[in-house]
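One chain, chain A, appears in both complexes that follow, with chain B as partner in the first and chain C in the second.
After this line comes the complex of A and B, so read on.
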């Protein structure tokens, strides 16, 4: 298991390196750069050229990449052209906000999606049909639409804040409560399609598990239906969901991109969006690397969850 | 006017910097207007200059030299007295090549910097390198920086990176009505009143009226409007989008918001072709793509009324030249109007040898090649994207195929500056109503000479004529003479149509009903250009 984890860790490092390198190279290769974006149309070419030289954008792409690599090896990921701050300072704060949003959404999706999947997969009938229909509806609604809808409802009702992460002039325990209040809408918007996906996966897996010989045998031995479903069958049926958990983390991060913009949540997605628009090559690279790190961490969590659910995986 | 209270405005993006000398984006401009001040400011409501840090001035007989007397007793927000040394420092900073300030070019006349001296701590002498009729209007571009805080950065050549977003508010100071007291990244900036601000109202009460002004960062414009309607913010960043007008009108009718019609805007989106001969050498389309008749045909082919209805949902007026009718001082009333006349457009195209040879409704040139070009526009702007679609559809009706390509602004600028394009449809904002402050557009050597970027000398006799007229216009001392010269420029422009305009939108701004004393203006930032006089009703509490 330790060797396995080390292997996964090595893979994570490789993933982050490849994603970061590709982001830097692609951002540089795309037409335009930070200076053209910052100065806009009609700027004096000499002024733009001076700015380009100051930002090191006049260097050949290989030189810039080499310099970035040399600095990255010392954990210096460059200075954001947009904000004039080290990328390593900008990312953690925003990544923490995104992680909070993604974890809240993941928790919500798990707590809602899995039980509903178990119910709809084990008890065919009108309730299961209703759950399935709602899930299909939610699956077809991207987080953009859901978050816009929620923001609209919040504006009309005043039940929730329309955006942001905290109110002004709040501190201490009040701040925690305030952040949770602000977190509700973006987390729900992000969680709903994932909950629907969990429900669908879990429902099918549960329906299949209930036809397994060991379940039939347990039922024949008189094991109560509740225990049979929630303990014995669920242990087997959880595997499909556990195996996609890592991918879901990636989905949540990419989905949070648009939710963060609509709900003004100050996360990594919004930072990356701003960086991309401004062609801030180092910040884009840093954000992409952080995203890859999230994905790799999600993948490891997924593997661990699968190992916990399936003894055969642990034995490998 | 009741002093006190908190006003919440929205901004669309994070501050890139708190240093106006390092960035030209709208957020930085707003922050600069809150925290810094200028020697002279253009009153956006009257379009006239008004005294700020300089309370009076005199002009030399030759009109080249101005002596400005600084307002006595002015202090920076940290209590350090403001003197002419700060003015000298600011000029030095803006012209410093290491700073590469986007303000640097706007502070030059004929490409040359102003000469500034400070005979006394309260006097500044500014000498223009050549006659310049707008005179001190130029100073509206220059916020004054504190020498005592930034001298070291300038000496080290790091001024452009000074006052980044990570700078603690206590390390910055300004002469503006507010000081930054807190920045919550991704969420908001909190400004509190500057106790050292020099301004007083007509009754002698200290300005600003507000205790706090908060800029909430709301990246999504839909969410911004919902927040305004819900009373969570008091004003929006920018003018109301055409598609939001109806819902805001409804909210205004219900008394939930104030919707103010500022009239026809100063800027119309522009379409221009790449007229650079060298870049189109070898392109068989150049003969018609760069011809005046082709541009005139397009002008006839586009129904400007329909354009206004489709793109601006009826909230716009047709325009036929580079100066909007809203610019009363400089608009040439004789600007010829081009009616919607597709038949005439087809005739003009036929005159270029562009006819429908295959009978498929699409034109071909004499060699049978399709009449087709690519129109670049900025991705993400609904008005530009809709406008480009209207142009494409209008030209399709006369047989011209247009491929509309949306690009990020950076990519679009890169294509423009390398002359790697056929045509561009884009919003070009003028920073001042006076054409003498837009020489980079008018002069053939200018960096915003849209239709032939990088041209060093006039490529055509009519461009040489415009260059000559504009140079005379800039130097002419009398307004009437300047207007007459500029009328001639617009006449030449109308004859050759290097840039086409179709519609100038009406400008609306929206704010909450609790905001009082706002004097919205056509130019950005429409509502925050004079933040010191803004006030709110029911200001005893805070939001």
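After this line comes the complex of A and C, so read on.
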């Protein structure tokens, strides 16, 4: 178990390192840099050159990379050129917001998708067909479309706020409720296609698990069908969903990007986008590293989920 | 899907207006539906009611039911237009913030969005097939290296990779360059997924007798790969084409929505959504969300095609390569 965790940790470190390095190099290679983007096209070249020297952007790539590495080893990720504040200050708040959104969506998707999948897989009939149709529809509604639709509904009906993370005049415990209220639409928009995917996978896995001999044997022994489905068959059938959990984190991160932009949720995606546009090297690298950290954490969680679901994995 | 494709291909003929035609008096006008019965209950050839401005402040219009403007067919190189195009244009899906006809822009946008997606999907198939084929047939260190690389790329969230690659290029580009650039980036990002599947199939086919026979006949590496191994991936590639295209339509829409895709006037579905993106516009003039419906229909159509040909869209969608068996009892069998 310890060896496994160490291996995962090594993978996480490697992932973060490679992603951060790649993003730093890519941003440096991009035409234009922060100085040219900030001052615009008709700027005085001397002004631009002075700004570049001040930010340390006129060093060759390797030097800048080496400097960044040296600082990062001391957990100093540089100062954002765009916002003027240390990167290590800007990122955690935004990353936490994105994590909140992604986790809420994951929770929703699991709570809705898995049970519906179990129901539709174990009980063929009109209900199962209806669930399958709805799933197909939801699978085809990407977060972009869903979030735009929700913003429309929110603007027309006023039941939910149309964006942002919290209202201005709330604090204390009311803030928690307020954030939850703002969280609803983005999280649902993000969760719907994932829930549909869970439902489809779970439904097939359930149907297949129910054809196994042990199910017949259990039924012959008199195990009531409810317990049979929800405890015994489910343990076997949950494997495909648990194994796909890691990939789902990647999908959620992807989807959260567009949902954050449409609903103005102040998350990592928006920050990275602004940083990329402004060619803010340090901020881009920091955001990429944070994103990679999420991915690594997500894949660890998914492995743990799989290990919890399947004892054969634990025995390895 | 056939309808959408027809619309895309025949856009200059089907669309009542060119993509850039502006009607400055009709900003955010609601749709003008054709009628065949007028207010008095009499039947006529299809016609529309012209829109009269009710409130410039709120940009509200009301149809003027006293006047009938008939529709003319097969004139000026277009299927159907309004007889009085300057003052009472045919706006089947309303007008956007510049007074441009949504429906026409939707049709022209289909060319851009679907075009980029289709070209990118074919590119991804090409690159992925070659890389996967080389990996599968070479074996050993090459295969290991290529597949590790592909796995690593697959772990990263696609939209961030696409965004990063796009941001590395100059931010302001003309539409035709954007088309080629987007197609290239999407093909690159989509290829590792294809490469993995192709490699698995090729590695399995290498063990078959016909391969050994071909080697014994003295076939060279290239001929072995292209003539014997890759054709067995045809089925897989066709399915992946149907999986990748909607994903790429979505990626293009996302990029254009945030401003990194097609530039302003170009009517791709994503840039149309960007123009519509301010909230009060969506609330009061919901027809500007038509491109979102179009995207939904395209994705739904392709998913239905997938479903009909026996592949489960959910499994194919999630990089559970159809070659790998993710069934719950796979190990028990």
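Rule of thumb we're sticking to: the second predicted complex is superposed on the first by the 316 of 316 C-alpha atoms of A that agree within 3 Å, B and C clash if a C-alpha of one lies under 4 Å from a C-alpha of the other, contacts with A are read in each partner's own complex, and residues count from 1 in each chain.
We adopt the following convention: a residue touches a chain if its C-beta (ideal position, glycine included) is under 8 Å from a C-beta of that chain, and two chains touch if they have at least 3 such contacts.
Note that this is a predicted model, so its numbers are computed, not measured.
After superposition onto chain A, the partners chain B and chain C occupy overlapping space and clash. In the superposition on chain A, contact of A:126 is made with neither chain B nor chain C. Of the two partner chains placed around the shared chain by superposition, chain C is the only one that A:142 touches, whereas chain B remains out of contact. Of the two partner chains, chain B is the only one touched by A:54; chain C is not. By the touch criterion defined above, A:261 reaches both chain B and chain C. Legend: residue contacts after superposition of the two complexes on their common chain; A:200 is shown touching chain C, with no touch to chain B.
Touch criterion met: A:277 reaches chain B and chain C at once. Legend: residue contacts after superposition of the two complexes on their common chain; A:251 is shown touching chain C, with no touch to chain B. Judged by the touch definition given at the top, the superposed model places A:312 against chain C, while chain B stays out of reach. Using the contact criterion defined above for the overlaid structures, shared-chain residue A:26 touches chain C, although it does not reach chain B. Annotation: chain B segment clashing with chain C after superposition, chosen from 2-10, 92-100, 218-226 or 290-298, is 218-226.
Within chain A, the residues touched by chain B in the first complex and by chain C in the second are 30-32, 148, 151-152, 155-156, 162-163, 261-262, 273, 277. The touching residues of chain A, counted against chain C in their complex, run 15, 18-19, 23, 26-27, 29-32, 135-137, 139-142, 144-145, 148-149, 151-152, 155-156, 162-163, 196-197, 199-201, 204-205, 208-209, 212, 236-240, 243-244, 247-248, 250-251, 253-254, 257-258, 261-262, 269, 272-273, 276-277, 284, 288, 291-292, 295, 299, 312. Those residues of chain B that touch chain A in the complex are listed here as 13-14, 16-17, 23-25, 97-98, 100-102, 104-105, 160-161, 164-166, 184-188, 190, 214, 216-220, 222-223, 226-227, 229-230, 232, 407-417, 426, 428, 440-441, 446-448, 450, 454, 542-543.
Residue ranges of chain C in contact with chain A, taken from their complex: 152, 155-160, 163-165, 167-171, 246, 250, 253-254, 257-258, 273, 277, 279-280, 282-283, 286, 289, 292-293, 295-296, 299-300, 303-304, 307, 312-315, 317-320, 326-329, 331-332.
Those residues of chain A lying in contact with chain B across their complex are 30-34, 36-45, 47-48, 50-51, 54, 82-85, 89, 93-94, 97, 148, 151-152, 154-156, 158, 161-166, 168-169, 261-267, 270-271, 273-274, 277-279.
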